[in-house]
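Both of the next two complexes hold subunit A, though its partner changes from subunit B to subunit C.
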Partner chain A sequence: MKLKQTALIGATIAGLLATGYASAQEQFIGLASYRVGPFGSNGASLYGGWIDYMAMVNARDGGVNGVKLTWEECETEYNNARGVECYERLKNKGPTGNSVFQPLSTGITYSVLDRVAQDKIPLVTIGYGRTDAADGSVFPWVFPMITTYWSQASAIVNYIGSKEGGMDKLKGKKIGLLFHDSAYGKESHAILDKLAEKHGFEVQKIAVANPGNEQQAQWLQIRQAKPDYVILWGWGVMNATALRTAARTGYSRDKIIGVWWSGSEEDTIPAGDAAKGYVAAGFNVAGANYPVIKDIQTNVYAKNAGNLEDKNRIGSVLYNRGVVHGIITVEAIRKAQEKYGKGKPMTGEQMRWGFENLDLDSKRLAALGATGFMPDLKISCADHEGGGKVKFQQWDGAQWKVVSDWVESDRPLVRGMIEESAAAYAKEKGITPRDCSKEM
Partner chain B sequence: MGFFFEVLIGGLLSGVLYSLVALGFVLIYKASGVFNFAQGAMVFFAALTFVGFMEVLPGWTGLEAGSRAVFWFAFVLSLGAMVVLGVLTERVVLRPLVNQPHITLFMATIGLTFLIEGIVQAIWGSHVRGLDLGITDEPIEWILDSADIIVSKFDVFAATLAGVLVASLALFFQYTKVGRALRAVADDHQAALSIGIPLQHIWAIVWSVAGFVALVAGLIWGARSGVQFALTFTALKALPVLILGGFTSVPGAIVGGLIIGASEKLAEVYLGPFVGGGIEGWFPYVLALLFLLVRPEGLFGEKHIDRV
Partner chain C sequence: MLYREAGQFKASYEEDQQIFPIRQDRVGMAVLLAFFFLAVPMFASQYWLQAILIPVLIFSLAAIGLNILTGYAGQLSLGSAAFMAVGAFGAYNFMLRIDGMPFLLGIVLGGLSAALVGVAFGLPSLRIKGFYLAVATLAAQFFIVWALVKFPWFSNYSSSGVISAQEIQILGYAFTTPESKYLLTLAVVTVFALVAKNLVRSTTGRRWMAVRDMDVAAEVIGIRPMRAKLSAFAVSSFYCGVAGALYAYTYLGTVEPEGFNLDLSFKILFMIIIGGVGSILGSFLGAAFIVLLPILLNVVMHSTLGSAMPPGLGSNLELIIFGGLIIFFLIVEPHGLARLWQLGKDKLRLWPFPH
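And now, the complex of A and B:
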């Protein structure tokens, strides 16, 4: 009898625990991250910032309307096959399955493009991935948000134009493009060719073979060609090597404009003094002096719950970029809850609505403690990019200093190219684009 | 013509740096007949350990951060770490595999690569560090002024260092007892053991010397582009050098390096524009493969003769 009673009590407790677990108000976010391998250093900072932001939301606000954020990392090592493996491993976890997939790799993005549509999981690619996926009518599940490579290239040309005293002054100028010889590096070619044609400047494209730790030949070519500016479209070791070799060949660093994957402390610190004066684009800025970062320090690091071992990296470009990823993810959850029920975990399909209706205007950014930290952002069914603005920062030898306001891209030109490319993709794949006027 | 010489000289100097990495491969191949796949990982291990010690030593010892004392202290400790790594590799990986086919040893070094990469990042972290050896990477002014040719002070220093290292090792192999024992071990493990050569002892020495070479290569390459995971890729630059120079020749490594360095730079500048550029990653391999057709043992490699 006693045994029976004990078994009954045990079963009741187990049942209660199980019920409690199943009904736990948790929003699961699968993180296909990379902390080892060739780009592990970049991944560690970025995922550190992202996780810290979510931990801060849990600690400060008790989650999103009471829904705690949970996450699990899966190491991809920036490898496509592992990325797909992680996608599959994470997709059914949590009460509603993985609600968003953000692999931080253009290669992995392409590898899971068809799967996300099938599984109804939004694929968010902030500052990377397939540019024409910004056309949400053709790519309903993909969100290359804030700005795409094409917008960035256009904003860089606009910035150079402003430095020269107007876009008309670009006529006859020579702009070098030192690019990583990969699909990522070649993303810029089409838009730069169009912009060169429009503004009358010349583009000299110079490829750097992966990994880019040897660039003597390229910089000697640049020395001979004497371009007015060089756009550095690199990744990983290629960036520091470019700056070191530029210094060696006497090319002025303040005439080198890096893209956002070439503009972090991971690129400038290894280059030492050679990086002084170098300018890079970014869709977020560096610095720990923003309320959102201070909130992380107060609510997370003060309680020894931070993700980074090296606290000096808080406020670095990539750490802050991770925080931007966190903000966008959390705000999409919040938006989706407004429609589908506050205090409930959201499914991938509901999250997609959240992303498509995201509106981070200056008022909302101020409330988030992120004024000036990232650009305002408004996503719609048709426009999955939502802004296209970048800021420029200059390395002073010790830290990044903002040297511009948010610079717009040539939106009509870029959007035209996006729609043209997306239409060609839709035709090739037999996709009927959504009618966005009917989407709510 | 000045531009041609500029590219050529830059290529030759880069080539010497490739030789430095190739040297580590040659040492181990000479001693064990094994192609050490882990050489690139050893370069990364050595450089990261060095900068790691540079960071923690001021806190441990009270020495001034960035001082010469810290530099040399870190160098000695890193060298010690490389010796420990070499001895452990001999004890744990190679000793159980004596007399096994070379392919087995080669596979073991592949495993060792991932182990070394994982361990060193677990100890010191994976973030990128700068490394300043105190030699500026600027053009030598009088050459620039007189001939308008850029020759980097840093590259000249690195090339001189590599040259001294190669000469010392060539003499070591040729004229010392350990060097001769080493060559005997490379020829035949069993025969060397039968005449009383302590195989394990020789292997431990060679792996330690290869560790020292990896440390020097790691510091030079780390100072050029930062101490980061990409240092493991320096091994890719050494492979065509080895094919060209021969796997068993120390001077071959240096000559191979010069040929590869100069030809890849010239090819990038003069052939690259016709094929879209970025060819210096694969051009040395094409060159090495073509060379293999003519002289399979490499320029200075030992010709393999089988008696029937």
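And now, the complex of A and C:
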């Protein structure tokens, strides 16, 4: 007992000394968040998870090698012009400026795409944003990490294939695509057409106009066509409506497969019982039963320092996605420090190197307490996506249950399309792609 | 005392008809222009130029456009953002598809395409009025954004439907720095604001106002309502189109059709309501109010109460204060900020000896 106490006091003093010393060294992370507006509740969960993770790293480890993480939020309201203002406001804060910009909005991503290269700030878009930016030779400053929309579509088809008992079984099948009629929803078309051609299935595209709170006609169409599966490429209120209308028209929910922006508690709980059996993709899983979430609870919430007002949301899909954002940000800082000096704040350029050389293998994920929580991830100069793996979860009426292992996408096909699209962009803008074999 | 026009005689029609008949106004305007053209680019930080001044200028131009239609010609419109989108995508396609297209001609052509679309959607205004017309222009808002997403030709077959603006070059000089982009925007906005000011003082403008005040009476005295209304739609959409092109080229660089949504249209409408319906100055004041106030609130909130309360509450509080201030201003001065300025000027004329 005594020994334990002494050790504890010693650790506290050491910790105090370390923080006292480290307070001079700070790494600033600008958070262009949204807590009001159409997606305010999504933003609150996600940024809550991200901030909690950083607070946990500060509380548990005293920052990254002694460098404290500091952050400031800036409200974007999911509005492009406000997002640009936030970007400009945050970019020069902290000792080394903003380390990374992650706006969580495809619109804002496009709005700052040209600026980040000029200001030398990495733009990390996890699971959204510009798909062809995964080609790092054309977009050195943009990182659409873990998986892009195209990889996701391909992974969903692979998942359907595995459920049917092999990709060759897809021949002659009919897959419905219920998509949000916007640029976001249309991202799915080109890739699904290619996959349909390759595997011999038929895609039936059905558009839902924004916001999508009336889908009687669309589901009638689905009932007539009787597709074997329906991919739900939805957004906001459209998802819950789709599930409710599917229940009313008698379409089996376990044949509906949602994308990750359709697969959170915010989508299923409003649908009530109609959501039971619904499957959705995700690059992170739900649940608080992971060491990393436990660490947040003991180091942050136990001290009443958590960011969430509603603690029940800890472990929700979006909260956990925020934790993934936090892990990637912190690990990039760690990686950059390995090259440019431990215990120093990193500049945007150094952070870019950190992101580009990020390697979260299973060993590292285990050390972070995130095994099974997120896929392993390896970024390189050419490949700014790194992985493209998703897991599928099924809603059992009360919570998400993981029903698959990490499902890979059809990498060669997706990569080919990304390179083709990036090359077209490079040609239009007159960019000479950098030679990745010469990059360190 | 300072603002007295005693002794300033107008000896010719030209002097009587100039925009600023009072010498103090002319001097004030010259000082203001010199400040924005010379001092601001020299001393303002990148943040101010790129995140504050350029958008305010661009939205001022869009607000002038809507003010011509709503404030001067009396036709309510909810499609301003869509006309901005036409201008942006029009300018992009002209510059993409025609080699060596000069930038300024490109944005003017973008504006002209918006004018054409505006006239088409203005046709219902010949039969319907007021709120019903607003609903008809709402159709323009949804149709245009839908069409830009639906037909990939507009975005040059980009998989996500966005366009990235080409580099701006005028006579071989590339506008890449924030200062140069700001000056370019300011120059375009100044020229078009001047044109608008003169337009509304001309025969055309008087026709618009006659139609606004009573279209039957206007018709009786020989004004053709069709021509007046459609010309207002054309000029208004042209201004919105140019603003949209600037929005894409000097402000964001990459734009998506969904960025020009109904929200933005409402915002432009609020700008002219707050700034002053039927006033060019009001367009500038309204744009500044609507763009700057939320940012100011956010900054103030972060530096004072930011850490003391839950972040979600802070963001909601900002919206509440913003809404409250709009209501306050509308109660205090229903004719907008421009009217406040007018009242201030009248008081200033007598100051310091009001009799």
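A few notes on this one:
Note that the second predicted complex is superposed on the first by the 417 of 440 C-alpha atoms of A that agree within 3 Å, B and C clash if a C-alpha of one lies under 4 Å from a C-alpha of the other, contacts with A are read in each partner's own complex, and residues count from 1 in each chain.
Definition applied: a residue touches a chain if its C-beta (ideal position, glycine included) is under 8 Å from a C-beta of that chain, and two chains touch if they have at least 3 such contacts.
The structure presented is a predicted model; accordingly, all values stated were derived computationally and were not measured.
Looking at the shared chain after the overlay, A:Arg35 reaches both subunit B and subunit C.
Of the two partner chains placed around the shared chain by superposition, subunit C is the only one that A:Glu72 touches, whereas subunit B remains out of contact.
By the touch criterion defined above, A:Glu309 reaches both subunit B and subunit C. In the superposed pair of complexes, A:Leu220 makes contact with subunit B only, with no contact to subunit C. Residue contacts after overlaying the shared chain place A:Thr249 against subunit B, while subunit C stays out of touching range. Once the two complexes are overlaid on the shared chain, A:Glu428 sits against subunit C while remaining clear of subunit B. Of the two partner chains, subunit C is the only one touched by A:Arg130; subunit B is not.
By the touch criterion defined above, A:Asp181 lies against subunit B and subunit C together after alignment on the C-alpha atoms of chain A. After overlaying the two complexes on the shared chain, residue contacts for A:Glu266 are found with subunit B alone; subunit C is out of touch. Comparing the two complexes, residues 35-36, 40, 44, 181, 209, 309 of subunit A contact subunit B in one case and subunit C in the other.
For subunit A in complex with subunit C, the residues that touch the partner chain are 33-36, 40, 44, 47, 72-75, 77, 79-82, 84-85, 87-89, 91-92, 106-107, 110-111, 113-115, 130-132, 181-184, 186-187, 190, 209, 307, 309, 421, 425, 428-430.
Every residue of subunit C that touches subunit A in the complex is listed here, in rising order: 46-47, 50-52, 55, 96, 146, 149, 156, 159-162, 164, 166-167, 251-259, 263, 291, 294-295, 298-299, 302, 310-312, 314-316, 318-319.
The touching residues of subunit B, counted against subunit A in their complex, run 3, 6-7, 10-11, 14, 117-118, 121, 125-132, 137-139, 150, 152, 154, 221, 224-230, 233-234, 237, 264-265, 268-269, 272, 276-282. The touching residues of subunit A, counted against subunit B in their complex, run 35-41, 44-45, 181, 205-211, 213-214, 216-218, 220-221, 223-224, 236-237, 240-241, 244, 247-250, 266, 269-272, 274, 309-310, 313.
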